[in-house]
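Sharing a structure here in structure tokens format.
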Amino acid sequence: MTGDTPDRRISDDLLRPLLTTSARFYVLVAFLGAIVAAGLVTWIFQMYQGFGVTGIRWPIFWAFYVTNFVFWIGISHAGTLISAILRLVNARWRRPVTRCAEAITVFALMIGAMFPIIHLGRPWLFFWLVPYPNQRGIWPNFRSPLVWDFFAISTYLTGSVLFLLLPMIPDLALVRDRTTGTRSRIYGVLALGWQGTTKQWHRLESAMQIMAIAILPVAVSVHTIVSFDFSMAPVPMWHSTIFGPYFVAGAIFSGLAALIVAMAFLRRLLHLEEYLHPVHFQNLGKLLLLMSLLWAYFLFAERLTVWYGNEAAEMAVFEATQRGSFAPLYWTMVVCNFVIPFPILALKKLRTIAGCVFASCSVLIGMWLERFLIIVPSLGHKYLPYSWGTYRPRPVEIMITISTFAAMALLYVLFAKFVPIISIWELKVGMHPPHPVSAEESEEAQQLWRTQP
Amino acid sequence: MAHRWGMAVDLDRCTGCEACVTACRAENNVPTVGAAQAATGRAIHWMRVERYWEGEFPDARLKFRPVLCQQCDAAPCEPVCPTYASHHTEEGLNAQVYNRCIGTRYCANACPYNVRFFNFFNPIWDKPLHLQLNPDVSIREVGVMEKCTFCVQRISAAEIQAKADNTPITDGDLKPACVQSCPATALVFGDLNDSESAVSRLSRSSRGSKLLGDLGTQPKVTYLARQSQA
Amino acid sequence: MDRRAFIKVTAITGTSATLANCGNPEHQLIRFVPDEERVPGVAEWKPGLCPLCSAGCGLLVRVMEGDAEVLRGGQTGVMKMGLAKKLEGNPAHPISQGKLCARGQAAIQLTYHPDRIAHPLKRTGARGSGQFQEVSWDVALAELVTQLDGLAAAGNRQSLAFMTGPSTGQRGELVSQFLSRFGAPPALSYEAFGDEVLRRANLMSFGRSQLPTLDLPRTRYVISFGADFLGTWNSPVAQSAGYGHMRQGRSGVRATFVQLESRMSQTGANADEWIPVRPGTEGVVALGLAHVLLASGLRPANAAGRAGAVIDGWSSGLSAYTPAEVERRTGVVAARIERLARELADQRPGVAVIGGAPLAHTNGLAAALAVNALNALLGSVGEPGGVNFMPQIARPGDTTRSRGDQPPTLARMTADILAADRSPVQALLIDDANPVFTAPPAWRVREALVKVPFMASFGSFIDETSVLADLILPDHSFLESWTDARPESGAAVAVATLAPPAMRPLHQTRAMPDVLLEVAGRLAQPLSPALPWQTFDEMLRAAFAALPAPAPDADAWSSAQQQGGWWGAPAGNGLQIVPVGLAAPLKLADPQFDGAVAEYPFHFLPYPSQAFLDGRLAHLPWLQELPDVMSTAMWSSWVEINPQTAARLRIAEGDIVEVASTQGSLRAPALVSPGVAPDVIAMPAGQGHETFTRYASGRGQNPMKILAPLTEPETGALAWAATRVRLSRVGGPTGELILFAGGMAEHPNVRR
Amino acid sequence: MHTDSYGRFLRWAAPLVVALAAVSSCRLAEEPPAASVFTPAHRTIGSAVNDFLNIRPAPAQPFPFPHKAHLAKGIMCTEYCHESAVKGPIAGLPSVKTCMICHESIATDRPLIKTVADYQKRGIDIPWQRVYGYASESHVRFNHAPHLRAKVDCVTCHGNIGQQTVAERNVDLKMGFCVNCHKSKQAPNECLTCHF
């Protein structure tokens, strides 16, 4: 075969970021790395000085850190869930999207899972959350939603990592074959000896199917359990049955937004215009629109019932958010999550790539605010007005928050640097007649991978 | 017979003098955090006297209400703690086990009464103020929650003594610091399992009610309403 | 230490402190052999006496073994010794009855205060510069003796002045004997919020120059004219105990409690009926009530006896005090006056009490007499459930308190000093008093003291007054020394509280009475024949030996040491006092105020703070961090403003306002409070110290510094409620006002 | 080509990392709390780590004390030297006074006894170091008296100290140790029994 088949071109385009490194990459990595390092130092500082360097106070004992925790776990629903659904419904346009999505999931989870530890008063004892046999005969309290979190998140993380790695194998093999020396050997190890035999293809396909099905309930349960952290406690406007679905919807909402933003960046940075078409953004945009509507519906349902019920303690929080000191944040949230994205995504004319990205950014801001507004006003207005309080963040919290966004970007950039960010083989397969692959097709498929230097 | 320690607060006797507040601080090594920290909401008061205004001048009225850990039987702070640092004892006390606390502060969020406090920094005592510290009570370090214990050190001492003498603890002998100092005897402490104890009788009073009782926390502190002709 | 250092404290888990003596011995102080044998970890309870106010509550001090840093033979080291850990009320004591107030609980911090003066100090810098140098006791005492001998030699012994706090016990007795033997005028005692006016009134009405003891447990109706008897006035612990009983102690009987005042006090907050009244007109209300009782024939005029006779127009039925007239003058509705009068007549026994602000007007004495007359009219004097006077133990040579002749007043002394070019006071000894802080500026106390050639203080802390001293001879803390008290009110029996030292001294201090006795012996012409005691406890022993023995087998002295004092019916049925009559019955005049209404539209009402009283306790961190129960403020001072007034002047909570009188002005954060009248500005005393330990210095504002020097003419007591001020907003919140509470109302968000 | 570009990247990034490490370490090198204050904080990071890992230095005694010899003379621990153990929570270390009660007359010629007598003369106590004890962040409030009343022998928790000349910690008083014993004796195992 000549080196000019479309398949060949795909491989060249998508492997280019791995094989050549621009100066821009170094600058970006250094910049992000610096912020992340600063964040780490800040955390050490906090541990050393005491938790009082944050803005946390009586009676508002949770604020920025838990907000970030919920936010990032929410973001993590971008990938796995979306790509899994798209895989299951076998949406064709999914092929270039899935890996970006799954990567987001893994990294967002890793970051989100950091926060329960960062926000501990004595983080060095976090391992007491882990059940391990000990002479004292003491176990974690399995009634505590925080322990449920531990299990849910670790399960979800494991699942998502597998879900990300499985479809990477063929591409890693491709990289192995395209490179030389040390890198070739490293990718060789990662490729787990993939030869692209029919047997391996079938194994891979079925594994993917199983994971796709298995990951869905896990994803849903994770954010439900995160919502339980709040709804299990008798705190005004936390103690609500709606929280489970509300949080899951919010999670997918913010996850989609994150995905759109990430794709747009990759498209620009790695020149993937040929592979990430407007149609991809169009479709994701439609999904985002759906979630925006769903979110608005949940918010309406929650607020109306509280207002109509007129229960004293809950009204205190309601007043504080709707009219009181939190009103500016509250209405910003409404604007960011609904007023801005709705028209943009609803009107075909506006649902351009730029439009989608803009809407997504606004949604990301809005959803972060939503998490914050769920946590802080309620804690500041619990039952006994004598004990009410207000909260103001301090530089430490802000720095750590910023650094997590940098960490996300950094991990993503590095990932895109070392792994084809778009699933090469899936694209190729996508361009061939539909599955299941027949014998000769798979023969041909194997041909694709036998590449002479 | 196992004890079930409880308290009755007679709001008709309480004068808002706050003797209980200082007594608690003195007994339980509760640190003072200083003006700067107090201004940012880090002051620790295991016992506080809440005041609520009603009406406007000239018909303004004021209500006092001492609030401490209600030692709930269905305590919201207990199930949420991932490490059992906050848990229920056989005697029905809400134990706060400092050494087991990792500082999730979840218990404080769950507590409807906001009677749980967090050590944002290591406490300090300007020497020689530390010579006053009560050797029977822990000094809590940074990162742990703390709250009213019903003066568990006194309870424990009394029970050890009772066991040694092989005599029951007589009603009124065992008092937490706040109860002991209360000039108007607005606070009464005792064994709720002893139906004849002063606290049991008061808890049965028609003026009695539980703070935020409708939350179903089943507090062991009973508030006796303030009467008034006005 | 400042809170920066606090932040620096490393946070990484755990305590090394109690493990200090477990493991490696390096950088540890040497350990002295303990003087006393005690069981570690086991508490011992010793009797004590609360020194903070004149109520004289008996204590139980919890003493446990601990490691204290001590100085022995010039060497610092650690020693195991008994340390006071906790103060409780002494259950056997008739006044405290096993209870204790918030201030008493914090008294223990006096002993362990980091800024306590540990050695005698001699002034090195200029007066008030606060520069002192440590000297030995020998040097210090020699200095004092030389000064006193100097006076004696120069033949002006009367130029020695002694300023004390309110001391009711042998300590005060020793001082007055020392002075009279030396030939100096009697000690001067100044308290900003003192009760001289009421004592005088009681002397005139009932022949007793002492504060009343209210029989609350047995009363059915209490009407209080501004008396904060549950907070800071008279004997709060005893009165609170009585209050608790009068409310819920008797099955089926619950006494009614009515409070009249112009700013809701902590006591007023507990009233069934809180009645705001125009400042300075409380006496009018009392006479109005009396008028109704007389007019409606509910009580006969002669029932009041002499207490009525001293009131102008009493016999003729107080025709000037018809309810309508009273309403016009006081703002209390006529119908309400009539109702209250009827309730007083019906719900007996009842008691009327006056204290605090109503007495701090130019007509304070008359107001007190009016309330006394009302009590007498109700037949509540000396009756169960009424006003009683605690039996007093007669003191040999006790003259000043019994005959109402006027002791020197601070105002007069300072005036004399400033007037003369050579100060009539050549040497001034100060014990437990800080007049520079609590006196109004017009008295120019600081200037006057600076003019006194020699000044020695027995204080334990550098405050605004002792900072001026040439010599500081630090006293033991009350837990380290012999203390006693003979309170004038709070119990039905005579009480002489006695407390042996509960612990050994932490510092190089000496008990002031011992110092006085030693000086008396070392003078060129020793006073020792007249003061035959080597140490204070010998004097106490003599005093208690004179008391009737509680039991045939026990003597008063030893039993007093065990139970913390002596109480019972005194021999000879108490103190005989010659009542002071009046030339003509006293007329209740209108109060005079400093400052024209037009220019100074607001009454300024300072009040003793719940935590700090007149400021003498502002150095105790526990009390600084104690949220004031009404305002919930910690570590702050504030100005209470009525919501309407605040709205009118566009003042929001926390805003900085300026309060200006003819005497000066101060700036403090505003606190909007529904409990203060629209034309009244209230402010707690206690904060605003210039120099008073690390905890109080430079914190908040001192209302005394804008008070006018008006006095009650008869007694010369400061009329601290007679100043008018103007109010203006000068800036937004500065964070000075630190509130513990969030909300004001219990149900702020209920939609109606 | 890309390999050396990686090298360049590393060379470029290394100083950054070092710098940040330096910043963080100097923040950690802040001075320990002032001596004028009492605080549960650790003086150094090191001591914090040691406590965290339950590493404690062996007590260094001023001079050997032959428990064995004294016991052989029939001097029972809780009768003479640690008598407060039966009365209260703390066993206590005897002061030099206690030693001299007997050694006023007994074995006064021995060099060690002379040192003891010398301490007595100087009015300075013998700096015995505690052998057993709980790190205070373990918040254990141990009370000797009830254990003795329950007939728990000294050696159960203090090992063969009676055989030692220089007291050494040879029983590790971990929580498991206490819990197991309490279990076996049906003693209360509630957290508040020891931790408050």
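Order of writing sets the labels: A, B, C and D. Residues in every chain begin at 1.
Operating definition for what follows: contacts are C-beta pairs under 8 Å (C-beta built on N, C-alpha and C of every residue); 3 or more make two chains touch, one makes a residue touch a chain.
Nothing here was measured: the structure is a model prediction, and the numbers come from that model.
Chemist: Which chain's mean C-alpha position is nearest the mean C-alpha position of the whole protein set?
Modeler: Located nearest the centre of all protein C-alpha atoms is chain B.
Chemist: Quick one: report the Å distance separating chain B from chain C, using the average Cα coordinate of each chain.
Modeler: The answer is 30 Å.
Chemist: Please compute the C-alpha centroid of chain A, do the same for chain D, then give the distance between them in whole Å.
Modeler: 49
Chemist: Express in whole angstrom the distance between the two chain centres, defined as the mean CA positions of chain A and chain B.
Modeler: The computed centroid separation for chain A versus chain B comes out at 44 Å.
Chemist: Return the residues of chain B touching two or more other chains; collapse runs of consecutive numbers into ranges.
Modeler: 37, 43, 48, 50-52, 84, 87, 100, 121-122, 124, 126-127, 129-130, 133, 139, 141-143
Chemist: By the touch rule stated above, which residues of chain C touch at least two different other chains?
Modeler: If we look for residues of chain C contacting two or more partner chains, we find 1, 7-15, 17-18, 41, 114, 632, 741, 743-746.
Chemist: Which residues belonging to chain D are in contact with no fewer than two other chains?
Modeler: 30, 33, 36-41, 52, 136-137
Chemist: Would you identify the shape of the chain contact graph, picking one of line, ring, star, complete or other?
Modeler: complete
Chemist: Under the definition above, what is the set of chain B residues touching chain A in their complex?
Modeler: Listed in rising order, the residues of chain B that touch chain A are 37, 40-43, 48, 50-52, 67, 76, 79-84, 87, 100-106, 108-110, 112-114, 117-122, 142-145, 212, 215, 217.
Chemist: Quick one: which bits of chain B touch chain C in the complex? Just the residue numbers, please.
Modeler: Contacts found on chain B: 10, 12-13, 15-19, 21-23, 25-27, 32-39, 43, 45, 48-58, 60-64, 121-122, 124, 126-135, 139, 141-143, 177, 180-186, 224, 227-230.
Chemist: Taking the touch rule as given, give the residues of chain D at its contact with chain B in the complex, in rising order.
Modeler: 33, 36-41, 136-141, 143, 145-146, 149, 188, 190-193, 195-196
Chemist: Mind pulling up the chain A residues that touch chain C in the complex?
Modeler: Touching chain C: residues 47-53, 122, 124-125, 310, 312, 315-316, 318-319, 380, 385-390 of chain A.
Chemist: For the complex, give me every residue of chain D touching chain C.
Modeler: 30-34, 36-45, 47-48, 51-52, 56-60, 62, 84, 87-90, 92, 95-97, 119-120, 123-125, 127, 129-133, 135-137
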